[in-house]
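Here subunit A shows up in two complexes: once beside subunit B, once beside subunit C.
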Partner chain A sequence: MNAPLNPAASGAAAPREEGAAARRLSFILVFAPFALWIALVILVPQLNLFFLSLREKVGPQVYALGPRNYTELFGESVYVLTLVRTVVMSLLATFATLIIGFPIAYYIAKIARGRARTMLFMSCLLPFWVSELVRVFGWMLILRETGLLSRLLQGLGLVDGPVELLYNDVAVMVGLIYTSMLFMVVPLVSTLDSLDDALVEAGYDLGGNGFVVLWEIVIPHAKPGIVAGAIIVFMLNLGNYLTPTLLGGKNSQWFTAQIYSQFITRFNWESGSAFGFVLLVTSSLIVWLALRASGQTLSGTIGKG
Partner chain B sequence: MANDLECRALVKSYGAFTAVNGVSLAVPKGSFFSILGPSGCGKTSLMRMIAGFIEPTAGEILIGGRSMRGVPPNRRPANMVFQHLALFPMMNVADNIGYGLRRRGMAKAEIARRVGAVLERIDLADSGPKRIDQLSGGQKQRVAIARCMVLEPTVLLLDEPLGALDLKLREHMKVELKQLQHQFGTTFVYITHDQSEALVMSDQVAVMNAGRFEQVGTPEDLYYRPATPFVAGFVGDSHRWGGRVTAQAGSDLRVATSAGLALRATAVVPLAEGAAASVFVRPEAIEVRVADGRSDPAPASADVNVFAGRLESLLFNGANSRAMIRLERGDLIGAVLPQNLLGTRLGEGAAVEIRFAAAATLAFPAGGDAP
Partner chain C sequence: MRDVKGIIVGLLASVMLTAAVPARAETLRLLTWGDYAPEAVIKKFKDATGIDVEVTISNNEDMISKLRATGGAGFDLAQPSQDRILGPQTDFSIYKPMDLSKIKAELFLPELLDASKKNTAIDGKVYGVAHLWGTSGLVVDARKAPDIKSFLDLCKSEYKGRVSMRLKRPALLGMAFALGEDPFAAYGDKAKYQAIIDKAGAALAACKANVKAYWSGSDDLLNMIRSGEVVAAEAWDSTGFKLNAENPDINFVAPSAGALGWIDTFALPAKGKNDDAAYKWINFVMQPEIAAMIVDSAGSFSASKGSDQFVSPKLRAAFQQAFPPEVIAKIKWFPAVPAGLEEMEGKVLDKVAAGN
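Up next is the complex of A and B:
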């Protein structure tokens, strides 16, 4: 029985090696653009910035290696407070995005059917065809002293004069949530989509109420999507420059604005690099802590999400 | 005897489409009741109404004598084993089984004790900490049943839970399910499209078609005494002829088929002369003989049908082997192949003679939507 198979097997040895070489070559060709992108646009500039951040100015055109840029940052309480404020606000905005986005995602994934589902998904996506700048200006038109909301409140007789709703923390939060909503909804929809309806029904059938089913079945199932969405949204918030600056005005005190002023206003590249690195390390640390706390892995949030 | 489950004139319509059309049933305590029907017959809608996932358009459901009108699924004394089991993958085996008990606010120690006891009962005593995906198909099945049984429901609903298993395991699980039902003594309501599952396990079977019950009875009743042409065609194999009644005396009929075959048949429902009829005969009721040319293929007695034909093909399937016989009039009939004829003397094309009793040849009014 095996005899006719053997010649084929031994004859296949040489072509197999050839095939492996071809596969290796095609892998290199496909992988090269990605590797170049990572190396040239991310790795090299970051390393450059890192070395820059460790450079101390001792005199005109004279530099020495040292941690002074970092000690200055942590020595000045306004910088540290700005960092803490940025992190806390970003976390709050992320949490609010999750609370608002989850029901939307659940509705799209589990309740809406057919055309309605496509339409809803599209309506989440459509605002992102417009540039972030334009979207933020949209909010400014609504929130400013002579804006829509202020006029509406006056028209209803709820306030006497025009009210300024811009340039406060709430305005910044609204902007951040609006800007990053899509990045929460998409991973949530895709994980909730994979939730078998029978699991939800079984949860009810065995005596659970709506809250129990949500807490014990829907949320554990959606966890990879929640974590993936939260990481993306948190990173977007933390690194956002436009929204806090435009909606929060001078009071926004966003850490990215500090980095901007170090680089552009003070022309202190060494200090700006240090600020940038502190932000990178802080965000990585928080993501790591969040992954640990939720029992997820980074690859898991990508793979299952 | 008390009925654990009762449905009275249950109706479910979706717009103009009526999925369940006036179904009434009563399931006595501790029995195994099956609802058998082709896909789309409304059995899933019926099951989901009993479980409480959908509201009936009209009619009433009583579980343990209590009306279930307006009672949500999480408060009904009925639990369901889902088609794909719906075990919670985010929990281990013990937590899956304990889920319902936790909902009742039971103490942790008591939950652990009960879960341990039920795991022992289904022979999975050490599997409590296992993940669901570490279990085999049969083990998952048992966990899904245990998860419901630990709540001691009045009625256990099973929605084709064996459908996803391979054939060998399915055969094994049929026996095991029946044993589990005996062991727990709970009322089981089982829906399936697989007649052998229904026949093997059930005390009572309801055959459902197009939203209605065609017949409710024991498996023997359905098989030997089908009440409608649908049941005759759906339960078990049978050969079906369409024809017209040419003579009638009591329940004894003579039917001429459209191909011109003259049959002696027994009327299940009174049939008048000239009426269109559907005639059914089971393969095991057909006796195959080798035509030796000596005996004349004439009726041996008045109540037996005898026809001559040629063996067209042999379909070997162990004890269920079939002989496909082409009659002189052109009909192709499958008969159970007697063991002594298996393979040896009968070549394809051999001349044979088939006989089947008039009592085993059942005639129904035509027009029934037999499958």
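Up next is the complex of A and C:
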């Protein structure tokens, strides 16, 4: 790098080239783990899945290329309904998580101070110290017919016999909100944190009431956090398998359960791959639509959050 | 420099040592059902042969999935039901033929061994030999649901929200038999079979209001019946016998149309690496005393000759109550499933699962 400025041209070019080569090498070395990760863990399996989804079974061990797995999926109303149901329920759960998470995040970011703030944050994090399975079983113990809540209601004389609170859509919602709350609260806290208190005060000084301040100042400022949190929570809900399967029971089949059953129970990898691909495309499409509608970009939300 | 050399030598030596350990202790990788390889039996086998047994707990569909994923590698011995060998073997080539000369045929009940040999034969080669057998039918709490005798009784309105099933082929076929059809006779005729399972699927869908939750592993079901939340279920006899030991009111009831009989086998995965150990395990667990230990743990019955003398009296009593000779005579044994049928069943079951 510190080559003298005046020697023969050939002498000057060599070190500069060397420097460029070293830079290129260090770039490759730094980039390699990321590139390998993207290629081996994301790109190759997805491509493999895509090719698998285009294989039609003709006979034992004989396959041909074709779109039959997709036409079968869309030709069978049961599968389409499950997909629509899963998307709608995921959106509802995401919205509910936002409604519940926003005040919590606001309290943590703006009102709580010092130890209380740390404690509150920890209490959001604490459930994640045990696995999702254990958390869901916890809910099952509370909601089942012979469970805590049913006994409590009977003890208080509010109901006559045991009540079944498990195996319905509400139970699934409760489970999903509980599971993904943290992923909404964290991005919200980080954007709300950067909101200058003076702006809120100015809003009140200029005659705004609580609602106007919230709508005109707090929410626009928190928008990147809201969108980031909503995207993460929506993806988590849509791809969740355990919670809907264990809490939902017979009438609330999730699309992931369909994928599982195609792969594992029916060992029909071809149609399972098609199902997986449809889910991937659907979720990407919905996230894209949401970003367009909210005027945000992926780099401005998730990238920052 | 000497230090560095010393470190390298030390490292190399330790690497070689760790690499040498698995080579010294021989292992058998067994893909089987829950309770089919109890700890005590594994320990006895290790004492007798020096071979470690690594157990992976599975079920019929999962076994096929696992072996399909690797083309039959990763395990040395699997235990699919005899009717689930022909189809998957035709589709995916996941097993290899058995060398019957390495199996001590005198340890087996001849009729079960012959049946399994016949049902798992492809092009004259045998792919499975019988291990345990049992049936699918009803588990009923006789005090709370005294009149349940058939699959159709599970759908009676007074049991709304009080029954359970496993949404797999035994429920579908059990329902077909209860409706007076004979799905096994239609195995060779796809159009007729489709009509039968469509009809059975519609009956299962109509029955859905009665189902509290579909069970998937026997522990789910045990939980629901023990707590009294479920009073009758489509289930395996072994679950019924297990509950009978805790509460004499509950037992297995063979449906009036006949219980559905299955035989779980020993089969060699196509790329298994330790066939010798697999044959040793088969011949070891088929000895009457050892077989009885497995029967006590699994609650299913063994193809081992003479094992019934060593089975615990409690289990024998539950069996005799559930299976008088006329019920045994009525058992409908699952014939080998031809390739392609399971896809048809899968679609019908998906519709039942997703419908409201």
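The working rule: the second predicted complex is superposed on the first by the 279 of 305 C-alpha atoms of A that agree within 3 Å, B and C clash if a C-alpha of one lies under 4 Å from a C-alpha of the other, contacts with A are read in each partner's own complex, and residues count from 1 in each chain.
We take it that a contact is a pair of C-beta atoms (placed from the backbone, for glycine too) under 8 Å apart; a residue touches a chain by one contact, two chains touch by 3 or more.
For clarity, every value in this text was computed on a predicted model and none was experimentally measured.
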Would you check which partner chain A:41 touches, where first means subunit B only, second means subunit C only, and both and neither mean what they say?
neither
If you stack the two complexes on chain A, which partner ends up touching A:199: first (subunit B), second (subunit C), both, or neither?
first
Once the two complexes are aligned on chain A, which partner has more residues of subunit A within touching range, subunit B or subunit C?
C
Who does A:146 touch here: subunit B (first), subunit C (second), both, or neither?
second
Pick one for A:116: touches subunit B only (first), subunit C only (second), both, or neither.
neither
Using the touch definition from the top, say if A:208 reaches subunit B (first), subunit C (second), both or neither.
first
Can you list the residues of subunit A that meet both subunit B and subunit C?
none
Where on subunit C is subunit A touching in the complex?
61-62, 64-65, 68, 88, 90-93, 161, 168, 208, 211-214, 227-229, 339, 342-343, 346-347, 350-351, 353-356
Residue set of subunit A touching subunit B in the complex reads 196, 198-199, 201-209, 212, 216-217, 220-221
Enumerate the contact residues on subunit B facing subunit A in the complex.
51-53, 72-75, 79-80, 82-84, 86, 88-91, 99-100, 103-104, 147-148, 151
Contact footprint of subunit C on subunit A as seen in their complex:
60-61, 76, 78-79, 81-82, 144-146, 164, 166-167, 249-251, 253, 257-258, 261, 263-269
